[in-house]
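Order of writing sets the labels: A, B, C and D. Residues in every chain begin at 1.
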Amino acid sequence: MCAIVGVINSNEASKTAYYGLFSMQHRGQESSGISVSYNHHITTHKAQGLVTDVFSREKIASLKGNIAIGHNRYSTAGNSSKNDAQPVFANYDLGEISIVHNGNLINKNSVRQELIKEGAIFQSNMDTENILHLIARSKKETLKERIVDALNDIVGAYCLLIMGRSKIFAIRDKYGIRPLSIGRLKDAGYIIASETCAFDLVGAEFIRDVKPGEMIIFEEGKTEYTSIQLFEDIDPRICAFEYVYFARPDSTVEGKNVYNVRKELGRVLAKKSKFEADLVIPVPDSGVPAALGYSQESGIPFEMAIVRNHYVGRTFIEPTQEMRNLKVKLKLNPMEELLKDKRIVVIDDSIVRGTTSKKIIELLKHAGAKEIHIKIAAPEIKFPDLYGIDTPTTKELISANMSKDEVCKYIGADSLEFLEIDELVNAMGSERKYSLVSFDGNYFVK
Amino acid sequence: MCAIVGVINSNEASKTAYYGLFSMQHRGQESSGISVSYNHHITTHKAQGLVTDVFSREKIASLKGNIAIGHNRYSTAGNSSKNDAQPVFANYDLGEISIVHNGNLINKNSVRQELIKEGAIFQSNMDTENILHLIARSKKETLKERIVDALNDIVGAYCLLIMGRSKIFAIRDKYGIRPLSIGRLKDAGYIIASETCAFDLVGAEFIRDVKPGEMIIFEEGKTEYTSIQLFEDIDPRICAFEYVYFARPDSTVEGKNVYNVRKELGRVLAKKSKFEADLVIPVPDSGVPAALGYSQESGIPFEMAIVRNHYVGRTFIEPTQEMRNLKVKLKLNPMEELLKDKRIVVIDDSIVRGTTSKKIIELLKHAGAKEIHIKIAAPEIKFPDLYGIDTPTTKELISANMSKDEVCKYIGADSLEFLEIDELVNAMGSERKYSLVSFDGNYFVK
Amino acid sequence: MCAIVGVINSNEASKTAYYGLFSMQHRGQESSGISVSYNHHITTHKAQGLVTDVFSREKIASLKGNIAIGHNRYSTAGNSSKNDAQPVFANYDLGEISIVHNGNLINKNSVRQELIKEGAIFQSNMDTENILHLIARSKKETLKERIVDALNDIVGAYCLLIMGRSKIFAIRDKYGIRPLSIGRLKDAGYIIASETCAFDLVGAEFIRDVKPGEMIIFEEGKTEYTSIQLFEDIDPRICAFEYVYFARPDSTVEGKNVYNVRKELGRVLAKKSKFEADLVIPVPDSGVPAALGYSQESGIPFEMAIVRNHYVGRTFIEPTQEMRNLKVKLKLNPMEELLKDKRIVVIDDSIVRGTTSKKIIELLKHAGAKEIHIKIAAPEIKFPDLYGIDTPTTKELISANMSKDEVCKYIGADSLEFLEIDELVNAMGSERKYSLVSFDGNYFVK
Amino acid sequence: MCAIVGVINSNEASKTAYYGLFSMQHRGQESSGISVSYNHHITTHKAQGLVTDVFSREKIASLKGNIAIGHNRYSTAGNSSKNDAQPVFANYDLGEISIVHNGNLINKNSVRQELIKEGAIFQSNMDTENILHLIARSKKETLKERIVDALNDIVGAYCLLIMGRSKIFAIRDKYGIRPLSIGRLKDAGYIIASETCAFDLVGAEFIRDVKPGEMIIFEEGKTEYTSIQLFEDIDPRICAFEYVYFARPDSTVEGKNVYNVRKELGRVLAKKSKFEADLVIPVPDSGVPAALGYSQESGIPFEMAIVRNHYVGRTFIEPTQEMRNLKVKLKLNPMEELLKDKRIVVIDDSIVRGTTSKKIIELLKHAGAKEIHIKIAAPEIKFPDLYGIDTPTTKELISANMSKDEVCKYIGADSLEFLEIDELVNAMGSERKYSLVSFDGNYFVK
């Protein structure tokens, strides 16, 4: 996961990119960066931290130019480093270039080894550097041709924004796994963003999504953009996780509003089995729409019985002797007044390791709930995702190692229910295909 | 508004106070501070910023001691300054002392003038300094007697925690306007806090509220506390605004759960008038419980159709040409997919100046809502509060200057409804009295 | 030690004060602060750190007004705290006031106890707060009279700058222990500073010193100042340490250039005893002028054989196994090429604890010096200073506990020589008296 | 200019490198960085600022390993950027590598263009990246062979430290333009540094200089090092500027102590022409030894009549109306008491643009000097240096555009004298050759 944004033909490009990144902060909190092209030179500012930490008003004002790209990086534990912030800038054969990337290249290691064997040097751990090298090494004459050349060598999930001195190339892989949409600014400029919620904040109008396998070229000073279909064998499969928990509920992903899809997932859960309970409660915030859908379908009253504290930020976590489950409690507090002696249905978006669910159930029991029935608005996660989502290894995925009943017992619930894969697909719309690797293990990218 | 916390007989007093303040961050984001008493000396750390900005793990570890008090300061525009952080510390006749204070002393100017005339010096704008001076100038022999002396000279809304070398005095004014509750820590220590949500996070058990006009004395090493009734003529009137929007929904204020009171306010709104609409939506987060109550009572479906971005933090606000209503949009984004061509009921907690409501309605119209009916889960605010809430002057209060219909027209709604004062009182419980000054102009404190 | 500065009738008062403090950074590196009076209100900014750390261009620009006072605080180990930065500001009976203070009040504890008994509260450890309280408690009608009143109650070494809304009062104690001089700015304004080197930097012209026991009143908009002699029984005794090592060599203290006095001290050392040696070297920087004087008088060649590193700043000091004497070596590096097999005379300004001298001698021996003769351009320090200099207790003063020969042996020198007190006095000028407490134990202040 | 340091076989390698960089802070204040190799991985920390700003105790403690290299970067106006800090790290064919570099590659642009044509990408403006690319692209099997390969393609002045997982390669170009010396640590480790003053601070013993055209290989765990002579056609020419003003006076450059050479330069100046004057004064700090030599030779008394303020740091420079020559005055203050009505000889190390000399002379005149005779302890600078020194273009070099008499008139001196080139060479030792490009325009590097 990550967020990318591009702005062109706006005399406040860096500011528009800034607010675009701000509205997509949920897609990445580790680092943030913006490149602008001005006076034939590209300037980049990037650093670790939230968008509002990395960029002051003065910094944005200093990033002049009509063309900008930006990036929010997701915090991936372990192999990330201070250098792994984007955009990635380079001087190369055709001048200056800057790239932002959302996704994951599955052949990154082999490409990197190949490049390294040919004498390339790498200054970070990011697969984005691969693309830069491939473009720089292509023998083609124009940047456009070189990008085409480079993309022939990479395999995986990617949305790319590539900025030269006066152009932005917006590219989506042939499966369209990650989303990328185009909006029009009021002053004839364009904004390209991972999620449409960015358009709402900056006052842009949604035009259309970049299509799977498509490259769109925006040029400074031109009101029209050009489209090139890069691949013939496209096989569109938007990632189901965008609907399940990545995207903001107010975003429209590939034509479907996320909030409505989540509500529908809740309705499907309610239809699966008749069930007697006193309350339906969501694990906030991502479980809210599904819990509403469940409540509307089942008639069981909906309550926000778990209160979420949104100030978490950089709190250190070091419990005193008497504090239990501190990490979960810093965020979530169930209310005894609502839960005591009640039979409750709890709606969550997924179970990954099972540890958080276990702790939430402990807190709900402590608050006096009589019965706790967990309903997950997604299927069991049995396989690691390789297409840009930070899921743990198979060993750590609880559903890869336990049956539904064992998981139920482990987390301490009275019952546990998941969606079936086809139920998920039906709720999202069975007229098209999806990336469902975490659920079905079908690693379709070749 | 502000948050105060005290901890005694805990060998991790500063850490417990830290998490207590963290859970009450919503009551004040301007500055934060903690004093500890250790080895017969009081040490204080305070600074501007959120709790998590002001205190690092190392800073908390350096604040040793079994006894601590802490404070979050509410951001009051205009007359606040860098020096106006609490606790306020002083050396005085009986040794060292530190004080935190939630509320507002209505005779602060006259007391301050009196003290200044007698030769006192003031190093901040806080009325808390008055109390320190009065204690220091009292001729009584013990701190307890001096506090009693000092309190005889001050009039207003106050919850105080006063820390000497080895004691904490917890005091509430005779009207009990601001809340203050006592919890028991697992290791026989106590925590005193403005809101009970602090107890949940630190694993403490609610014991009871400090009573109006009561002073409770906690002593280091003693498992029992002592209570003294300071005033005979008590007239308990908890502030209605705690229920309306100050307190966290998971707090219990004077025996009543805030979430449940807010839901009841929504039910009452629904009962007031039959109404045809397609959706009930809250202005998040504070409008959520009332909207749920309204929906349950009226049968009109509830939707979270306005999405709130919780990352707002320190974003600078400087719109581009094409951005309108940026300040509101940074926080709130209405979803066209849910609102288009719908008749909607919007539940909010209050209308103060009317400017925010006006902008929200613009955004809702832009999202295609056909009819917009605003229901406020509180009466019209016609008078400035003087008891610790930062309401603007009469001139700026829209309902002090316009009729309900004029306000409706000004904000651009299709209809507008408030609660009557007695409806509010009934929902909170008519068996007791409330501070309702903003609504009825009854400035009862003498 | 400390530095104070005042500026009046300059439309860039804070900037002039800033550069004044910058030029006097050697007198205090712990904290820095400036108060300005503008629009009938006093604003203060102060923080820990060097002048250039505490004040940015923007901060200075924000401190508007034609009148300013400033302070650099000396780093005194142990009992200093974050709160002990100056200026000290207060609201009091006559309005707003801000004070800076260089010196030490010897009756500070008794005055503080007296004030506390009367109900005063203290928010720092600084004796400057005493003066504020005394002024606030005086029953006189004007600030001028109140200051006179207050000064009657304090005893000690002090130079004060007291700023009201539109005036600066510059005051020196009746012994004139600490220096304070007046300079005229080109635009008819004035600058008052601890040292005349401040005048050189800001382009001011030296007018005269504030006299012992004198109060000078500068008023906004007035080109003339008023002088009041506060005490009849003046007994002028400028502190000898200003000449020995406090003041910058380019300052003129009470009419005598510091560099020239130090050179003369070196000459006197040379005249004391004929001596055969190959080189005279200073411990830089303060020993340089005396070493030059010694060289000129004795004919023994002067060399800068110890190189000083001026970047020391905030280096942490944690030697590796192979590093010895790191703390001294970070600053001072003797050159083997110059010292090997040489008989050297080393000129230093004083010996306090003896530990630094011991380490320097180790380094000189390691560099191959054949004979090391230490000459101190001051008498033996046998008594703690109480008049504003941070000397340690008698127990730690090596010359209070050892004879000259014992000290010589302890530090490992081949010979050791001090000045006699009368030699010091003659070099500074025997026509007047000096504060010599560290040398003669005559605590003359009453 | 820059400083480089390498440490191997020390269990406190990063700390030793830190203190080495600290002692060479004068060679570069813009940025600082250290790489360590630990557990088969290289970690780098670098940032803008002084050594003591960039590295805290904690940061150094976190840089574990027995092998480290470090760098201080000189502030070169204009084309430097935030990214231009060293060491430069990369992953490449043989694993991980980190490089530090002092000097300037004169064919850097052609090499860079060549590399770029072949598809290389550059992420900074530093020529150090060239070397990394050349090593990465070499087809040889070992790092040693690849370095040899790479060095065949570069031309210029360079001292390099190249760190692989377990080795440090120390390399000096065949002219030996920049210095590089080897020291032995007490625990059988080695330190390699630009200047020998680094050895003094860390307690290392000087072994020998790296020879021109030599590569020395240090290996983890081995007490012996290996030497390889890379070039046959060596032509040793240490840069004369190291003696003139770069190096610290306590360093020994190519066997000669810098202080002594500078003193000799002063003596030569004195011998050139008999001269009547009252005082010889240096422009501190670099002019001090030459002024001492001049004084000893001529018999004219030496005085430190210009006082230098060492706190300059990051002061902003924005004079008030009455401040003139602020930039020079922040550093230098001439003393009227010493200069008034005197005929003075001023010794400085060089005249580059002439603007600083002009301002110093204004200040000396303002201080009352009767005659001002400028003696420069170096020849006229008529040509830009290309071998690692930041001299301006020919257009800005005053001596490239004016005769000595014109310069004298421009700066306002009563007389002006430079050294002849052969006088400089004789003082440094005529038995060897020097890089003298700034003086003679002989760009010998091919």
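Points worth noting:
In this text, a residue touches a chain if its C-beta (ideal position, glycine included) is under 8 Å from a C-beta of that chain, and two chains touch if they have at least 3 such contacts.
The UniProt protein names, listed by chain, are A, B, C, D = Amidophosphoribosyltransferase.
Everything quoted here is computed from the prediction, not taken from an experiment.
Taking the definition of touch as given, a chain qualifies here only if it contacts subunit B and subunit C alike; none does. The set of chains touching subunit A and also touching subunit D is empty.
Subunit B has its Cα centroid 36 Å from the Cα centroid of subunit A. Once the centre of each chain is set as its mean CA position, subunit A and subunit C turn out to be 61 Å apart. The multi-chain contact residues of subunit D, meaning those touching 2 or more other chains, do not exist; every residue touches at most one other chain. Taken in their complex, subunit D has these residues touching subunit A: 88-93, 116-123, 132-133, 136-138.
On the side of subunit C, the complex with subunit D involves touching residues 10, 12, 15-16, 19, 22-23, 25-26, 50-52, 56-57, 60, 185-187, 197, 200-204, 248-250, 252, 257, 259-260, 288-289, 292, 296, 301-304, 307, 309-311, 313-316, 318, 320-324, 326, 329-330, 333-335, 337-338.
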